[in-house]
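Shared chain: subunit A. Partners: subunit B in the first complex, subunit C in the second.
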Partner chain A sequence: MPQGSIAGGSQGSGSTAMPRVMVHFDRPGRDYAPRQQLAVRHDIEGLGGEPLRAVERSVLWYTEGKGEEDLGVHWFERIDETEGLLAVSPWGEFTIRLPMSPLSYEGLIVKVRWCVRVRIFFADNRDFVSEHVFDVGGISPARAPLERLE
Partner chain B sequence: MKLPRLFGKKRGHRRTGSEAWGSFAEGLFYSALVAAGLLFGGTVLTGAAGVGWPRLDANDSGAGRNWWLAILLLLIPGALLAFGGSGLVRILSGWGKSQERRAAGSGSVSLRGAMGHAAEEAPGHPGVPTCDDLVNSPGTILRYRLPIESPESWTLLGLGLFAALWNAVVVVLAVGAGADLLRGRTDWLLLALLAGFVAIGIGGVVLFIRMLVLTTAVGPTQVEISDHPLVPGGSYDMLIGQGGTGSLRSLELYLELEEFATFRQGTDTRTDRAVVWREGVKTWTDVPIAAGGRFETHVTLSIPPSAMHSFASEHNAVKWRVVVIGRPDRWPAFVRVFPLVIFPADATAVADAAFDQETLAAGGTA
Partner chain C sequence: MSLQASESAAVERFVGNPFSTRHTAPGRVEPLDREGEPLDLGKLLDRIAREGGRAAILGRHGRGKTTLLHRLAETAERRGDRVVRIRVRSPWDLIPILNSLAGSPSGSLICIDSWEQLGGPGAAIALLFARLRRCRLVVTAHSGGDLPPLAVCETTPALLAAIVRRLPAGDALDGGLIDDTDVASAFEQSSGDIREALFRLYDLFEERRRGL
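And now, the complex of A and B:
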């Protein structure tokens, strides 16, 4: 699995599919500036001939750390099988412009991460999600906690 | 059909309950509320609750009272139906949809302000709080006067409220005990209770007066700034004014970055805070404050070019602030906090910086 990728989902016991989503960013280091263009191509492999119901692609940020997870979707697209695209070409590409904020941040108890998320829905209601993290803004990470002054 | 797992893996090492099962349990809860509302409303409307709808009979003197009672009783099933119904609609509208699809449909995430209330998002800057509350007070010399966010003020207010309420209870008890004494009766239990209450009441007043004297004797701190919001890499003129009498052994000025994370622990909601970055801007020693006057000085505040911008979402926040610490000669030290909002740097500048960084890493020249 490529670096910065997370995958998971609900798999049926009788499933023959071992999905893999390969995402290729237009910048090899996956480092972007705010308002910069992001071009992505994704390939879905290992479907084992199982029919798909839909594919969702999104560009989003989420928080990680001690607090509850917050999430903001910058771009979202759902392709349903009714459009007839999935059976013939389980791959896709898209180009978007990133927003001004929030920037990726590696804090101590709060982290902000950007990612491309591809979610596959099989015809039997199972789903599989694959997440590919990238960096926006080049912000310095936080170091160590400091004693409070007050 | 395979049932969803009860526990799923979250990011990191934490485990969390299944979203599907959570929604199912929530749905059961809201359905129970709707059922209770229907049942309760039905019993009121049919008269099974013992409060029937009155007949429109002019001679019935209790008709008006019955109407009000019936309407009041209907408020409870009405609230159950409204709460349960809205919860069911929310769950059903999100059922079977992915987290991203639900978030995309609801628009931007809700933001959280300094005191936990909803804050506005700065236009064109998702996840960045607006600084409207910080720029509505003009400065005397510089453009804006920063509002103070001092824990001392809330402690003083809390102590004052406690002392006032407690002593009001003491007065009520004292009036009762005094009336008994005038009638020639002595209730020793009440007198003993009163003695304890009076002691706590006096203690509350003493603490409040001590804190009031400490707060007012030191004098107010005023911070003004030449521009707001701030941006990484920017330099700003700042005015520090310290009132009071006597002199200060030192007056220190810091710029801080603090993270806030709100999480649920059982049935409690907790917020954890961590100061992750601090820079001493300037320290003044042996600061004299003339009677009736104040110490006033200018300083340049520089924001690091790679600094994180202010960030606020529903459960997480990254906040910037200026902290002033004064150490008076005759009084305990005081800490005063002034919040700031930092926007992301201009996109062009950030892109240029990223380009320079890449060029340096590749060993080339820009």
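And now, the complex of A and C:
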């Protein structure tokens, strides 16, 4: 399973902050087994002093391919300003237990990916999403030639 | 807990196939003109008002009509308008359209995708109801019918190239697994259908990434 991240967000009214979210996993290679514990620490940089409204953290799976996207949220938490966590340099950590399924799968026309998603909401209604993929189940990627599927 | 620092700005990179529907489904990409330049959505919304509150986004399959409709709806919502989105799959979908119109305040923007699926009588009823409710109506259709055209979606190789450049890691594609020649070829083989061309590029990306 390739590893990496994807980030993006919506435009705000004149905002210049370019956040960067770093997620640290407790397993080498981010490889996890079903029902295994997942421990994560995330650091958010590049906020440029802009006030935040909330941070959402979730662990979820999604499908990726040529068809319609499917998605399941396994764990979700929203931390808002009333909890006073976001004033200076936001960071956080959490530990959850993964479910039995679905397992990560790197198919040709469909893939199942697990990721840690951190979503930052700025006070000006702009938001920023960062996803960090990890593997559940250790299934080998599909290798069948495309012609066989047609 | 003992944490593996497996992510940093230096190693941050895109994972996945940039041509998957996750990134290319209608509404996910920025609406562009045939030269690949961003459309002015605010001006288009203003034009709907000038056209009497009714307009159609026209074009053949895979030309970007739904994407433009989605983005117009988002722009209207950011302006504070009430927006209703409906995808028509059969003439029976007239019922939810009428229900939505009945529950929408005057000035709401009703966005209807695949307008021709309603059929002539259904479309006439929906139009009449929208006028009675004083709601604005913008639809996607393959041909205009009675509605004034807001935009005619046409595609070019330059447009597809611009879409590809805007995908996640799109800048890194050129010279990598997919290059400009592949994009131009996908456009030609798909007869200008952008959705089909992106599917072709998806397959090509998978093929090359796996060394098939």
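One rule holds in what follows: the second predicted complex is superposed on the first by the 138 of 150 C-alpha atoms of A that agree within 3 Å, B and C clash if a C-alpha of one lies under 4 Å from a C-alpha of the other, contacts with A are read in each partner's own complex, and residues count from 1 in each chain.
Heads up, the rule we're going with is that a residue touches a chain if its C-beta (ideal position, glycine included) is under 8 Å from a C-beta of that chain, and two chains touch if they have at least 3 such contacts.
From a predicted model like this one, the values you see are computed outputs, not experimental measurements.
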Original post:
Is this a clash or a fit when subunit B and subunit C both end up on subunit A?
Top reply: clash
Subject >> subunit B versus subunit C as contact partner of A:G138, first or second or both or neither >> reply: first
Subject >> subunit B versus subunit C as contact partner of A:R78, first or second or both or neither >> reply: first
**OP:** Based on the superposed arrangement, let me know which partner A:P34 touches: subunit B (first), subunit C (second), both, or neither?
**Re:** first
Subject >> Contacts of A:L108 with subunit B and subunit C, given as first, second, both or neither >> reply: both
Original post:
Between subunit B (first) and subunit C (second), which, if any, makes contact with A:G65: first, second, both or neither?
Top reply: both
**OP:** On the superposed three-chain arrangement, identify whether subunit B or subunit C touches more subunit A residues.
**Re:** B
Original post:
Once the shared chain is lined up, is A:P99 touching subunit B (first), subunit C (second), both, or neither of them?
Top reply: first
**OP:** Determine, under the contact definition given at the top, whether A:D26 touches first (subunit B), second (subunit C), both, or neither.
**Re:** second
**OP:** Select, from 80-88, 116-124, 134-142 or 170-178, the region of subunit C that bumps into subunit B once both structures are placed on the shared chain.
**Re:** 80-88
Subject >> Footprint overlap on subunit A, where subunit B in one structure and subunit C in the other make contact >> reply: 6, 8, 29, 64-69, 108, 143, 145-146
Original post:
subunit A touches which residues of subunit C in the complex?
Top reply: 1-9, 11-17, 20-22, 25, 168, 199, 202-203, 206-207, 210, 212
Original post:
Hey, which residues of subunit A end up touching subunit C in the complex?
Top reply: 2-8, 20, 22-30, 39-41, 62, 64-69, 93, 95, 108, 111, 113, 132-133, 141, 143, 145-146
Subject >> Residues of subunit A touching subunit B in the complex >> reply: 6, 8, 10, 12-13, 29, 31, 33-36, 56, 58, 60-61, 63-74, 76, 78, 99-103, 105, 107-110, 112, 117, 119, 127, 129, 137-140, 142-150
Original post:
Contact residues on subunit B for subunit A in the complex?
Top reply: 2, 4-5, 9-12, 98-101, 103-104, 108-109, 124-128, 151, 254, 256-257, 259-264, 272-278, 304, 306-309, 311, 313-318, 323, 325, 335, 337, 343-344, 347, 350-351, 353-354, 357-358
